[in-house]
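Everything below concerns the one structure shown next.
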Amino acid sequence: MLDFEVFSQQLITGLSNGMIIALIAIGYTMVYGIIELINFAHGDVFMLGAFLALTLLGALGMEAWGPSGQVFGVALMLIGSAVFCGGLNWSLDRLAYRALRKSSKLSLLVSAIGCSFVCMNLGLFWGGAPMKVFANGNSAAAPKNFPAIIPQINLLGDGFLRITPADLLVFTVTIPLMVGLTFMVKRTRLGRAMRAVAQDPTAASLMGIPVDRVIGATFFIGGALGGFASVIYSLYNNTIGFQMGTRAGLDAFTAAVLGGIGSLPGAVLGGLTIGCVRSMSDQYLETRWTNTIVFCILVLILIFRPNGLLGSTRREKV
Amino acid sequence: MRWRPGPIFIILALAALLPLLDVVLPPKMQLCEAVRGVFLYAILALGLNVVTGYAGLLNLGIAAFMAIGAYSFGILTCEIYPFQLGFWPALALTIPIGAFAGFILGAPTLGLRGDYLAIVTLGFGEIVQDVLKNLDVVTKGTQGINPLPAPTFGGSEWTAEDEYKWYYLFFALLVLTVFAVRNLERSRLGRAWFSIREDEIASRSMGIRVERTKLIAFATAAAIAAFAGGLSASVLSSTGEPSNYDFQISILALCIVIVGGIGSIAGVLVGALVMVGLNSIVLVKATAWMAANGIGSQGNVLLSPNNWKFLIFGLALILAVRLKPNGLIPPRIERAKQ
Amino acid sequence: MKNSAILLSILSACSVVLAAGQEVKVAAPATKGTLKIISSLPRTGSANAQTSTMVNGINLAIAEVGGQVDGWTIAYEDMDDASPQRGNWDPAVEAQNANSAVKDDTCVAYIGTFNSGAAKVAIPILNRAGLVMVSPANTYPGLTKPGFGEANEPDVYRPSGKINYFRVVPTDDLQGVEAANWSKFLGAKKVFILNDRELYGKGITAVYRKQAESIGMEVVGFEEIDSKAANYRSLATKVKATKPDMVYFGGTTQSNAGQVAKDMRSGGYEGMFMVPDGCFEQAFIEAAGAANLNGKTYITFGGLPPEKMTGKGAEFCAAYQSKFGAVPEAYASYGYESARVILLAIAQAKTKDRSGILAAVAATKDFNGVLGKWSFDANGDTSSRVMSGQTVQDGKFVFVKVLGN
Amino acid sequence: MSVLRADGVTVKFGGLVAVQDVHFTVKQGEIYAVIGPNGAGKTTLFNAVTGIYAPTEGHVEFNGREIVEPLTGLVLFKFACAFFAVGIFTLLGLNVETIWTAVIIDNYKFNQPFPWSVAATSWYSTIWSLPLVKNLLPLLIGGGIGVGAAAVSWSRGRRAPDHIARSGVARTFQNIRLFNELSLIQNVLVGMDYRMKTGFMSALFRLPRFYRERREFHESAKKLLDFVGLGDRAEQAAGSLPYGFRRRLEIARALGGKPTIILLDEPAAGMNPSEVVGLMALIRRVRDAGTTVVLIEHHMRLVMGVSDRILVLQYGKQIAEGIPEEIRANPKIIEAYLGSEDHG
């Protein structure tokens, strides 16, 4: 096999992983853009989405469905998890964040951390559900296998280079979502309202924009993207666990910051960058240093571009 | 002016008297050892309070400095390394080492805006753990460094059984930290920190050297955290493993500062008591009691008391900031009275 | 709305639990008094799955003797050495547990710890108090064996000069060697070694690597993974590119062994895969997905698997299965064995004296346990050298052979 | 003698030209006003002068010197330090395992004395026995990053507001920017900060000179508050101050640093006529105390009443400069103002 093949394989892996990170990162970046909150609970909402997907899969017995039925099943999980995560994220905003809009950003942050713990614990309980897919609830804390209903076979035959249906799934779901989201933010009334609230909530409310509803909608959309991501993540990695939200959230947050927090294309670029850096570092350096390298690159980029790759310099009015 | 005891004084006085309570309590209910943990986190959170509370810089990687402190204490004292310093010199050295680490991280990144800095500190926390894990040769990797010395007073070295000695040592060092932080708070430097937190542009325009002032805050916090790290390594006689100083510790310290009252020393002390107390006293004793009385069941995830800890901790955080958005003891606005 | 719902559910759950607790408390028959066994294991967070089976094993051992030994009522306390904010073992909590065990006059034995790092904190504290400690899970050799760990080990764990720490599990240095020998036996020529950077995984892979090289296998790669990563696809590509015919992963289910196994397969690696006893539990198969493990996965284990047991082991299997409705896993047997050693020692010591019980544990000879017939050696290690090799078929562990002979 | 000179200052935000080619000179001891309709670029000009924005083109000189930190030998020395610090750090960081093994592990036998002198020499030979990729390359790459980072941060900071403020240019803000949670006296003390000498250690250990300095500056801060008429509210939080007093406090804070020139951005905004009279008196007193005053103002009575000279901006360009009488008579200015929704 050629070295080039190894490189391309790592690039494909990196891009797939990066796309998933980017999808979670968008949820962070949207919420941050509008109320400047690092939504720590986002990763855990994402985790619960994956649990819902597995529950659906188990309850409906999707493993037994034929290939075309499973495509339908994937669509069902995507929609189910998106609605669920969106709703959950919206409720978190309604219950835990809205009352703190006027207080300091740090109180809001602690509230988000609290939500993160609560969601994580709910995931632990969920993992103990007496279902076959959860190993009959025998060990709630153990990681759960997510059946590979999108098979991990090589579409390119027997060569070294592998592209699996799961890789394709990542791209076919993620790219339209991102395009659609960009369109929504740029073109629709809700998108304009969101940008207005992000710029200046007071002015926006004076202009008759229902600020709380717009923020709620942002949480819903951010959460829904997390829900999509959770299904794709599960189908790609085939393992879920109640603590996976922390790490996924951390990666996504890093991606959001790397790209310039608040910027949608930035989050995507950041996610892809991190995915590729990880792959390349795994291949050409040592795996144990991968995290360190990712963060060193983050610091380096921020030294030279303090607002991230695509972040705008926000000029403070003086 | 008539002197009235402030909240800090009252809290510290109560803490000083706590061992008396232990004498009358049954062994299972004794609190000193757990409260020592509260003191440790209080020291850590006082450090974080300097950078996040006073200077307004969100730091999500304070545990990394604790790890640096613990590991440098370990390397400087343990008999498997050639340095073999005693307890006091090594503990004193953790302070400049921590400050230096804070400087290394702070110098290139302090130009960053709020949340960009937060992610860098978070990343630093991860890097430090990784480095400590990966540099086997130096740090013994995940193995941990042990045994570590305890202070010696009157000939023999303390052991873990000398609970009250440790208790008062921690107490004394906490009081020392409180005074140090308070002295800084009520000085030119503290004022500059507050001004940066309030309005960076205005304080810059008043000639405050923002980067330098932030850097001092950063290094001070790092030094205090490293000090706390050294102390905890000493009492455990082991550095533990690198992942004992992970993100969760930083988060706990942050919660202490914010739930207690950002920028308020008394708030931090109360916050440490509430948060750590909930975690390592109330929840621990409650689950132990339930287990001892055969309450709950391991078979069902919902009936196992241990499985509720995250939930209770999380709800406590949400409720605390909901009910007291400015903290349990918010700082007094006028700092001028001295 | 939601908050109050959560609160309500907490309250109702608490009341249910309380009610249940009151029923459980049955007045014990009059005895000479109560002796307590304390276990300190990480019960919060990701290790909960493994430690639950250990606690089951301990409970079973105590239930088998009717909660009484030699006229003493045996009480058991299940302590948690993890804290919620850490989600993993916490040295401060471990120290606290050890100290409270020391202070508790009725406590005569301490079962723990799960992590060798925690043992380093607890052993000296218990040693000074002369309290016996039996570990069902620590495999770091330095805790007992001179010459394997740091220069000052294991003497630093024995400040009183006496040995109080025993373990029923074989240490890394034995299992690593056997694993390497078996790999060669299975026909592996090129091996890629992975570990999870934990004390256990690192130790066992270091031994494996040394043995593999000395018996003439080629180590084509050695990587230390991040056990929290989402997947190991790029690592799998790297592994595949070096064309090994065996991948050895030193780690546990908890440190993502399932994901590693899975990603090796989905990354296109088709050779053999071997893991140590940290993965000898159904949760590993469930996490990895049976289809990914079938046929080419090998697991080493310090003892015989349940279905191969005869005598005491078979009884244990049946009892465990009827009580908990599942086949006992590796950790359940270790937990059960630790508790039984202690119970037997109490019976033989004829005293509630800690030093008497300690001496009785140390004197354990030809113990007829579920892990075979074994004794504690002078260091406090089990003399059992029985290692078995398993593979996975149809989502079940299948015994292959007894290793080392 | 000129205290402040702007020479062709232009500020652009993307495509928008906020200030275009403005020249002016402020002399020692005068009161100089900048007027113009809303959006004429007055505040932007102030921000360019005080370093909050970097002017896109042109120079600002203060006492005949440009207020940009020059590229001196000291700065170059700092760059060199950054090169070696980061470079050596990278070098050591990448090879720490090798060096530690050679220096510590190979020399230390458990429970035996450590041969310090052997260890002290072995680190040096270890580094140079490494292959070039492991010693020279990290040194150069790390050093390059160090110099790059140092240069970037230096060029960002060379025209920074703090640097300019410390050379004696103080200012107030159009949208008042006080430290609301600090007391009045603390606000003034922040303004005085750069004149203070005591540092970290004397604060931490409460050395005698800490107390001496604190007493000194508290007294003069008190005097400044008296000077602007807020002496009786010294301990109150700034956030609780009525609006009219806040501008006075800002002036007091700006005066705290004993500046040679003070820039006031709309000091009379929101004041009632009697307050404006008081403010006029205050501005004159400031000038009489030796500080040159530059002010932006819409309030024509105040501008015409106190100013020595006036600069008029419209759409970012300067359309006139002169003494109040000339300005009042200039038809261009009347036209500019009639077109706008000006207030009095």
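The first chain written gets the first letter, and so on, giving A, B, C and D; residue counts start at 1 in each chain.
The working rule: contacts are C-beta pairs under 8 Å (C-beta built on N, C-alpha and C of every residue); 3 or more make two chains touch, one makes a residue touch a chain.
Note that the coordinates shown come from a computational prediction; the quantities given were computed from them, not determined experimentally.
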| item | value |
| --- | --- |
| Chain ID, smallest distance between chain and overall C-alpha centroids | B |
| Label of the chain whose CA centroid is most distant from the centroid of chain C | D |
| CA centroid of chain A to CA centroid of chain C, Å | 35 |
| Approximate Å spacing (C-alpha centroids) for the pair chain A, chain B | 32 |
| For chain D, residues contacting two or more additional chains | 52, 110-111, 149, 153, 173, 177 |
| Sequence positions of chain C contacting 2 or more other chains | 3, 6, 48, 52, 84, 87, 151-152, 197, 224, 226 |
| In chain A, residues with contacts to at least two other chains | 96, 117-118, 140, 246, 288, 291, 303, 318 |
| For the chain B and chain A complex, residues of the former touching the latter | 52, 58, 108-109, 111-113, 115-116, 118-120, 122-124, 126-127, 130-131, 133-134, 201, 247, 251, 254-255, 258-259, 262, 300-302, 307-311, 313-318, 320-322, 325-326 |
| Touching residues on chain C, where the partner in the complex is chain B | 3, 6-7, 10, 13, 16-18, 20-21, 24-25, 43-44, 48, 52, 55-56, 75, 77-80, 83-88, 90-93, 95-96, 98-100, 102-105, 117, 120-121, 124-125, 128-129, 140, 142, 149-152, 156, 159, 197-199, 202, 224, 226, 324 |
| Touching residues on chain B, where the partner in the complex is chain D | 79-82, 104, 108, 111, 135-138, 180, 183-184, 187-192, 194-195, 198-199, 201-211, 216, 333-338 |
| Interface residues, chain B side, partner chain C - complex | 27-28, 30, 33-34, 37, 40, 79-80, 130, 133-134, 136, 140-144, 146-147, 159-161, 163, 232, 235-238, 240-241, 243-244, 246, 248-249, 251-252, 279-280, 283-284, 287-288, 290-299, 302-313, 315, 318 |
| Of chain D, residues touching chain A in the complex | 13, 43, 47, 52, 145, 148-149, 152-153, 173-175, 177 |
